[in-house]
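So that you can tell them apart, the chains are marked A, B, C and D in the order they are listed, and the count of residues begins at 1 in each.
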Amino acid sequence: MQSTKVNQLKKDVKLDNPILLVGLPGVGHVGKLVVDHIVETFEAEKLVEIFSPSFPPQVLVDEKSTVRLVSNSFYTCKAGNHDLLLLAGDQQSATTEGHYELCDLYLDIAEEYGVSKIYTLGGFPTGQLEHKDEVMGAVNNVGLVEDLEKHGVIFKENEPGGGIVGVSGLMLGLSQFRDIDAACLMGLTSGYMVDPKSAQSLIKVLSSMLEIEIDVNELEKRAREMEKIVANLMDQKQQQQQMLPDTTPDEDLRYIG
Amino acid sequence: MQSTKVNQLKKDVKLDNPILLVGLPGVGHVGKLVVDHIVETFEAEKLVEIFSPSFPPQVLVDEKSTVRLVSNSFYTCKAGNHDLLLLAGDQQSATTEGHYELCDLYLDIAEEYGVSKIYTLGGFPTGQLEHKDEVMGAVNNVGLVEDLEKHGVIFKENEPGGGIVGVSGLMLGLSQFRDIDAACLMGLTSGYMVDPKSAQSLIKVLSSMLEIEIDVNELEKRAREMEKIVANLMDQKQQQQQMLPDTTPDEDLRYIG
Amino acid sequence: MQSTKVNQLKKDVKLDNPILLVGLPGVGHVGKLVVDHIVETFEAEKLVEIFSPSFPPQVLVDEKSTVRLVSNSFYTCKAGNHDLLLLAGDQQSATTEGHYELCDLYLDIAEEYGVSKIYTLGGFPTGQLEHKDEVMGAVNNVGLVEDLEKHGVIFKENEPGGGIVGVSGLMLGLSQFRDIDAACLMGLTSGYMVDPKSAQSLIKVLSSMLEIEIDVNELEKRAREMEKIVANLMDQKQQQQQMLPDTTPDEDLRYIG
Amino acid sequence: MQSTKVNQLKKDVKLDNPILLVGLPGVGHVGKLVVDHIVETFEAEKLVEIFSPSFPPQVLVDEKSTVRLVSNSFYTCKAGNHDLLLLAGDQQSATTEGHYELCDLYLDIAEEYGVSKIYTLGGFPTGQLEHKDEVMGAVNNVGLVEDLEKHGVIFKENEPGGGIVGVSGLMLGLSQFRDIDAACLMGLTSGYMVDPKSAQSLIKVLSSMLEIEIDVNELEKRAREMEKIVANLMDQKQQQQQMLPDTTPDEDLRYIG
């Protein structure tokens, strides 16, 4: 495979000003958890598969020991009154240039389906183990802020300070050249582990925005498992602090390890 | 050399639905040990040599202090009733894109020879010094599982959990686009050193599948040398544990270092 | 975006033998601080925007939570009797080849505007926390040295010993092929943090060379903040040395950490 | 600069079956020291300059604070009865593919000048601080061994065990495709520092092979400086060993650090 390969699985699919949700692997896998969950819950239909020499040279193995090449895919489903287009998948680009090439390709496909708005979904690392039920936003058009705030998205000046790296940021930046409105919604997350709790925070915002109900039972189950792990970690931390009583209590693990 | 170079050494070679065995350097060099051993034992004939700017910029030196550029090669031999095609060599790609380009080239060549089935051979790292005589499999077509199990291959749900990286995985993924059946056979190995013992486990499975005898004397000799090294390592570990009697005995070295 | 994209924002702008100042992120962000400061102070006009797949795949977020793709831009302003062309921006290339490609593009644009001379601005790491009000120079034409020395630039044989890496160096090297005179001016800086003090040293030299006054109030404010941080760091160092009275006092932090 | 640039400085230079000596930066800078020394001593004439986006994006600064872009160059000189072609320079490729591309270009140029034989010069790291006056060889044609041994080159089975990486190895490997005889001559060196002593060992072999005298005064001076540094290092080591009398004396520093 010398160049990126686009497999069109369904032809002549017409969507009505669809909203694109992007959820690829990233901080806390928050974006991926959300979009994978919507694909499953709404039984979204796969439209397009993308393979690329910019992805890591890897296959994944399923429960039947059957492999498939890493790929990203577009799905569609009806959610309330909205047609959704969903970009889900296994990996982001492994090279700098590949990021730009692939995001432009994603936007080409989005435009073909007449996408009217893009939400890229991700996690924002806080370095704190305690869950904070908060979704932070960034936009490529300041006019989007007011409406997003109504649905509970928080905006902070110049945040994230380090910018937004990868597909979540690049899709916003590159869609400016195409006059497509786009926002990045980031669930706050520790940054240390997969975070289904933060994914639920994001889904709450999306539910409000899209005026739909999204069953989060499955995510809730996974969240409870993670909570046990986190509780253990915090116990250990407290014990360590009791053994070193003269150090300032430090709730911020970001700089540990 | 600005692009990959394919040296056809023999013309007009016709093979009868050959089976391709792929064994390039990787975990424990298990796959390479097996295919190099078959090339030698069956005096396989070299058909094609491949040089590529995606390989590390390196020459290897032989016993006569003579160098050769790193390369991968296709060989053929008769093994029982089967025509074998063998992909052996010095290196995998040093770049992400090179992996995809080269694996596609390998499949082009395989198709020219009419390959009917592909087995990529590798090692699966257990993190345990103790040898386990086990071969794990993954397939690109679930229909292959039953037959492989008859020959002693073990299949585990979603294993390897991290997928399969490099030529062993990519050949399976990319051959799906060409409707060629392919399986990856992984000898369990510590992951810390070259493992001729694990190579023998793989050869046992191959012997059964291909209904041939493969003399493993040479591998057995190398395995005995490795066993001495492993025994030394395990002695040291035991001594360390006796000196730290309050730590839980931990047979898993994977996370050490 | 498969290739670098040049956005011409103003057409038919004619400049009179402009001097190009280059200030992109680098050691102590000294060059970037200076050129960004001139762009703001002189209300320079943006002429050209450059986006490139060689830049890191990143967007930056402003005070209104609005993103923009990382880019570099050419600005122009009148400063005293001189037309200035300014190259400012967010990032240098993330790849080796991208550095060469982009610097050549910058020089193409510079030539279109009839640039007569280039100054690349950067920092020279001393490894010393104490500020040294000194600007070191390197040139692509030995005839430039005498004049620069008059304006306070210091030249040292074979310094910097490791050469000059990135846009500050490459612009000098590549402009030799175009017979454009160019010098690199490096403010001495610790190398550990953003250094507005060193930026002021550079501005002093530029003011003298261009015969203009540049208000440095804003930089002075930021410098005072940094000074507090540095003072703290030096206190800590002194305390550590008092606790280890037998070690030689070492004012050079370069090899620490 | 989007592609490699070849500057022909002298036209219509005819050489008589020249021998190519290659000495670029590498282990102990041994090869570079030798070829740079010959260029200077024999006042070799520069024929061709090569610039490339595969080189690190860097300029070097000379004693007059004047920069030049990193490059490699071909020189020629008469040495005894031989026309010599010399490849000297600042850097090897910074990318995998660049190594292959550049070495092929070097061979194109070598062929244009009618090169009859190639010697790539480098260092072989021993991990030992003690100097060993020995030059090890590897060839691309076994027929070269006997003659090289007469001039004092040592050959060892399968050495170097890790092959030869970079231009010294690749030139041998790639010249096989062009039927040019080539040998790599490696001065033994610690591998920890620039080694003018090892360069002298190489020059002794070259002098014998080319039947010329090469004044090594300059290298001798530098060698004496390095010897002082080495003596200091060895003193320190001995002191450390006396303070830890129960450890086995280990003259091999290779695995330290």
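Assume a contact is a pair of C-beta atoms (placed from the backbone, for glycine too) under 8 Å apart; a residue touches a chain by one contact, two chains touch by 3 or more.
These figures come from a predicted structure and were not determined experimentally.
Engineer: Going by C-alpha centroids, which chain is farthest from subunit B? Tell me that one.
Structural biologist: Relative to subunit B, the chain whose C-alpha centre sits farthest away is C.
Engineer: Could you classify the subunit A-subunit C contact as same or different, where same means more than half of all interface residue numbers appear on both copies?
Structural biologist: Both copies, subunit A as well as subunit C, present different residues to each other, with under half of the numbers appearing on both sides.
Engineer: How big is the rotation, 0 to 180°, that puts the C-alpha atoms of subunit B on those of subunit D, in steps of 5?
Structural biologist: An angle of 90 degrees brings one copy onto the other.
Engineer: Report the inter-chain centroid distance for subunit C and subunit D in whole angstrom, where each centroid is the mean of the CA atoms.
Structural biologist: Here the centre of subunit D sits 36 Å away from the centre of subunit C.
Engineer: Report the inter-chain centroid distance for subunit B and subunit C in whole angstrom, where each centroid is the mean of the CA atoms.
Structural biologist: 51
Engineer: Which residues of subunit C are in contact with two or more other chains?
Structural biologist: Subunit C, residues with two or more chain partners: not present.
Engineer: Using the contact rule from the top, write out all pairs of chains that touch.
Structural biologist: Listed by label, chains in contact pair as A-B, A-C, B-D, C-D.
Engineer: Taking the touch rule as given, give the residues of subunit D at its contact with subunit C in the complex, in rising order.
Structural biologist: By the definition above, subunit D touches subunit C via 1-2, 53-70, 94-95, 98.
Engineer: Can you list the subunit C residues touching subunit D in their complex?
Structural biologist: Interface residues on subunit C, with respect to subunit D: 93, 96-97, 99-101, 103-104, 137-142, 145, 155-161, 163-167, 169-170, 172-174, 176, 184.
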